[in-house]
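Here's the structure, in structure tokens; my notes come after.
Naming follows writing order (A, B, C and D), and every chain is counted from residue 1.
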Amino acid sequence: MLILKGVSKYFGHLGVIQKVDLEVIKGERHALIGPNGAGKSTLFNLITGYYRPSGGDIYFKNTRINSLAPHEITRLGIARSFQIINIFKDMTVYENMRITITAKHRMSLKFGCRIVSLGQIREESEFVLSRVGLLPFMDEPAGTLGYSQQRALEVGLAVALDPELLLLDEPGAGLSPDETRAIVGLVKEVTVGKTLVIVEHDMDVVFDLADRISVLNYGTIVASGTPDDIRRNETVKEIYLGNVLEKKSTARV
Amino acid sequence: MKPSVKTITLLLLVVVLALFPLLGNKFHTYLFIECFIYSVLAVSYYMLLGHTGLMSFGHAALFGVGAYASAITLIRFSDLPVALTVLVGGLSGLLCGFLIGLIVLRLTKIYLAFGTLALSQMIWAIAWKWRAVTGGDDGLTGWSARQVTFPWLGQFGLINITFLYYFVLFFALACVALCWYFTRTPFGETLSSIRSNQNRADFLGINVGRARLMVFAFSGFMAGMSGALFILFKKAVAPTFLDMSTSFNILVMSVIGGYTNFLGPIVGSFVYVYMMEYLSSFTERWQLVMGIFFVLLILFYPKGIVRMVQQFAKKGSFIKEKRGVRIKC
Amino acid sequence: MMFRRGVIPERNERNQNVDNQLSIIPVLLLHGLVYGMLIFLVASGLTLVLGLMDILNFAHVSVYMVGAFTCYQVMQWTNSFWFALMVAPVACAFLGILIERFIIRRIHGSGHLNELLATFGLAMVITEVVNWIYGSNPLPVRAPSQLLGSLNLWSDVQYPLYRLFILVLSGMVLAFMFYILRKTRLGISIRASVQDRDMANALGTNVATVSMVVMGIGAWLAGIAGVIVAPYLSVYSGMYADMIMDCFAVIAVGGLGSLGGAFIASLLVGQVQSFGVIFIPRVSLILIYLLMVAVFALKPSGISGKNE
Amino acid sequence: MLLQVKEIHTYYDDSHVLDGVSLEVAEGETIAILGRNGVGKSTTLKSIMGIVPPRQGSILFKNEDLAHKAPFKIARKGIGYVPEERRIFPGLTVRENLIMGFKRGMGKDTKSKEAIDRVYSKLPQLGERDATLAGNLSGGEQQMLTLVRTLMGEPELVLIDEPSEGLGPMVAELIFDMIREIWLQGISVILVDRSLMHTCVMAARVYIMVKGAIAFTGTGKEVLKSKEIQHKYLAV
């Protein structure tokens, strides 16, 4: 489904992503974990076209998508959510969803008919909103929703595009433990049969959701495998518990 | 279906406007013509700034290009029906809007502001310098004696105020209705999504670049039309139509009425024209008073009159908004 | 409000005779250098404020015009150019600080659009006030007697003394500004605040006062530019429109918030103006805009810096 | 008690990031804040420093509430902040960065020259790079610079956020030596870092955070010894 070959990204001389190879098989739930600043979000931005890779190639269903603009990549069937809430804050929840569904049907630039006349779009919008549990808040401006509801809308917009590959960037960020469980339940239910790549800090979310996990550290993938291999993996333990040093030596920096 | 309060008031308004020249005196009819023209211009600017959030500071260029294009056609083709010259103004505005949109395609916020301002100054410089075509400093005149013939209604001169009133009213209503319709279409909602969060719109698969070009072209068409109507009214065109102060006046109209919603610019243009009229009877420095009023408005109440009325209405809550038919004003 | 004047119209007509005798390249280079330095005096303040507070302050260029008209006014009263050169920039510095204190600080952070509208409106108001008091046709300002006539540079090349004075003075002023920025503690605070406002704040620098100081210095520089340009270009309310377009060109070409970029861009714009006026007069007026259009099209991400 | 943080609640827009966090630091004491990513460790430091002011709760520094003061006022009261992303001024030279650390000392007085020379004697690597632009320094050097720059202001309490982040083991060791020296000079430190070994050895008391709240308070030795705590709050 998604193949990254030797992808790297440099900001100035700072190598944020170095020679990453990653493969995500159709229908798989893949989690990307790693300490802060390991480059997880940057990798996300590379796949979705926000950044252009400095080296290597990205293939989606074996078509090369390196130089495509975000809206072109989205139309191929990749949808993403954002770590920092990135919804249409001053528009109502229903309008947020209607924009997404209209975009999905490629009708965004049509001016032949009034938008209220499109019954099908209205039904689809209400259907997705009900699945995400936001139907009662239909007419509220999205910005006034509670944080967990905004999170649900954030994920809802990505899911509404009915993509073949869904990328979720820390869906549980800033949520209380039970709110996180609710979002995880929602993600599970909504991504049945779909391919999912998720970036997440919260280990319970990762182990609850992921079939395979890749660990990213300083821009390179250091380990990849099932949740159990990762838990037992030595290098991963060391990354998470910090460097346990035996020998001490002063070296020139 | 039962017509809501809003549609009744709308119909009533149109009837009043239609009968106005018969009962009102000449002075107000004259002012109303100017208000209509500026309303079309202000609404075309709303499509860019208020609806799509594109901070274009060079809107006078689109207005001026329309004015000049129709002026030139009026002079060169004396037998062409006047209505066609208005369309010529509109189409040239559309083309100019498209070109400007293309050049500033990837600019946002501050950079879009000074980019569009620079382009409009460029067009002003061309109009000012290209004496052979645009008449340079003194501009163009010479179509005031123009006659408009209608198959069944007979002939009317441009200087006949009542005829001009209906002529302009017709175009103004058509333009405003078209803009209103556009905001209700999927394209209209896409434009609001660009205002609200262009980044997210991009990631939903919306071709933001093409949408921006389309709205620049459409807004240019409207502004060009209002430019063409303006020269029929003023019987002359000059480079000042294109300069920075005209763009600034458009901003003033939008801010007075409230640039974030559809009715704002229309209300703003009426207030602007009447303020201009009364201020200039006191001092010929009305532009200065207007400028100060504008800065104070921005500093203390940028939302504008319509929002003020709405808040007042909400508190009074006598306008019931039924679910379904909710017009987002 | 009449913007009758083109970019540098008087200089076309008035010194057409002077220039075509000396149409040697070095003179044009000098010509461009002089105008480039003038633009930089104004553009530097604009760039610093843009870098520090992320606000494009249209009113900053009005301060330049106010400097020119104050010079005219002081010359009317005291008839001494040197006194005007002392007083006007200081007055402009105060005006700059007042603008920052009561308008920019109040509107700061309320969204890009309101900031732009406020400064744009303010610029229009200042232009109108100047129009009201002084009318809109050019008012001549006599250069001081010591600086009249022209200097024999080499072999047969004559160059107006006053323009050399502009070059020397602006060079000295810029050197002084360079010293402040590079060597003094205040300069270090200014540069640090421009690079990372929050970190400078967290280290104990009161960024708010730094902004006011920057505004004051920028206005002072713009005031100097206004004063020394008065005898050269005469004083007219269209100065605002001409200078702001050159400043926009400098920002478009020079990149955002970087003084070094702005300096190089100013000299480039100066040369384009100088050579354009002579070689392709008909098109010279829109040369700057074509330059900007090229920049918009070629590297829009370049000038828009952070492409949100 | 030098610093008392009482029940602070901090929000990023509507996301409730700190949910009633309280902690204390005595004079000359070093404490550590541990926890997985995204639990609010950095936000706690940013709240104390006023960069992200808390909506509720109070921050008493020498019994004066700094909760709603501007960062530059808090810095001048004697709290130094070493940010996670280092945030050195890339366009300024090393020396100029150090000068920025001084409090209101305008101009180049002798006291500041001596302070900088003292730093260079201890850290010859920085001394050699005195006139180079900070942007061209290596990761380790930048971390050293940002640490020393904050010390220039002679703070009584230093907040250090993830100093060993992105550094190789040898360089991290050097940085921790410097932090140990700060502690020996009697300056109080709040240390946030993921490397258990260093933080727990130095810290008299350790707070472990989960999702915006403090879940465990104890001594460094306790945490080092008990695998159970490590696994519950810290490990993968």
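Heads up, the rule we're going with is that a contact is a pair of C-beta atoms (placed from the backbone, for glycine too) under 8 Å apart; a residue touches a chain by one contact, two chains touch by 3 or more.
These figures come from a predicted structure and were not determined experimentally.
Of all chain pairs, the one joined by the greatest number of contacting C-beta pairs is B-C.
The chain with its Cα centre farthest from the Cα centre of chain A is C. The geometric centre of chain A is 32 Å away from that of chain D, both derived from CA atoms. Note on chain placement: the centre of chain A and the centre of chain C lie 48 Å apart, centres being C-alpha means.
Remark: chain A and chain B have CA centroids separated by 43 Å (rounded to whole angstrom).
Within chain B, residues 199 each touch two or more of the remaining chains. Annotation for chain D: no residues touch two or more other chains.
Contacts between chains close into a ring here, every chain touching precisely two others.
Pairs of chains meeting the touch criterion: A-B, A-D, B-C, C-D.
On the chain D side of its complex with chain A, the touching residues are 12-17, 19, 36-38, 84, 125, 138, 140-141, 144, 162, 164-166, 169-174, 177, 193-198, 211-212, 230, 234-236. Contact residues on chain B toward chain C in their complex (touch as defined above): 49, 55, 57, 103-111, 113-115, 117-119, 121-122, 124-126, 128-129, 137, 198-199, 240, 243-245, 248, 251, 255, 285, 287-288, 291-292, 294-295, 298-299, 302.
Touching chain B in their complex are the following residues of chain A: 48, 69-71, 74-75, 79-80, 82, 86-91, 95, 98-100, 102-104, 106-116, 118, 139, 157, 161. For chain A in complex with chain D, the touching residues are 33, 35-37, 85, 146-147, 150, 170, 173-177, 201-203, 218, 230-231, 236-237, 240-245, 248-253.
Against chain C, the residues of chain D that register as touching in their complex are 49, 51, 70-72, 75-76, 81, 83, 87, 89-92, 96-97, 99-108, 149-150, 153.
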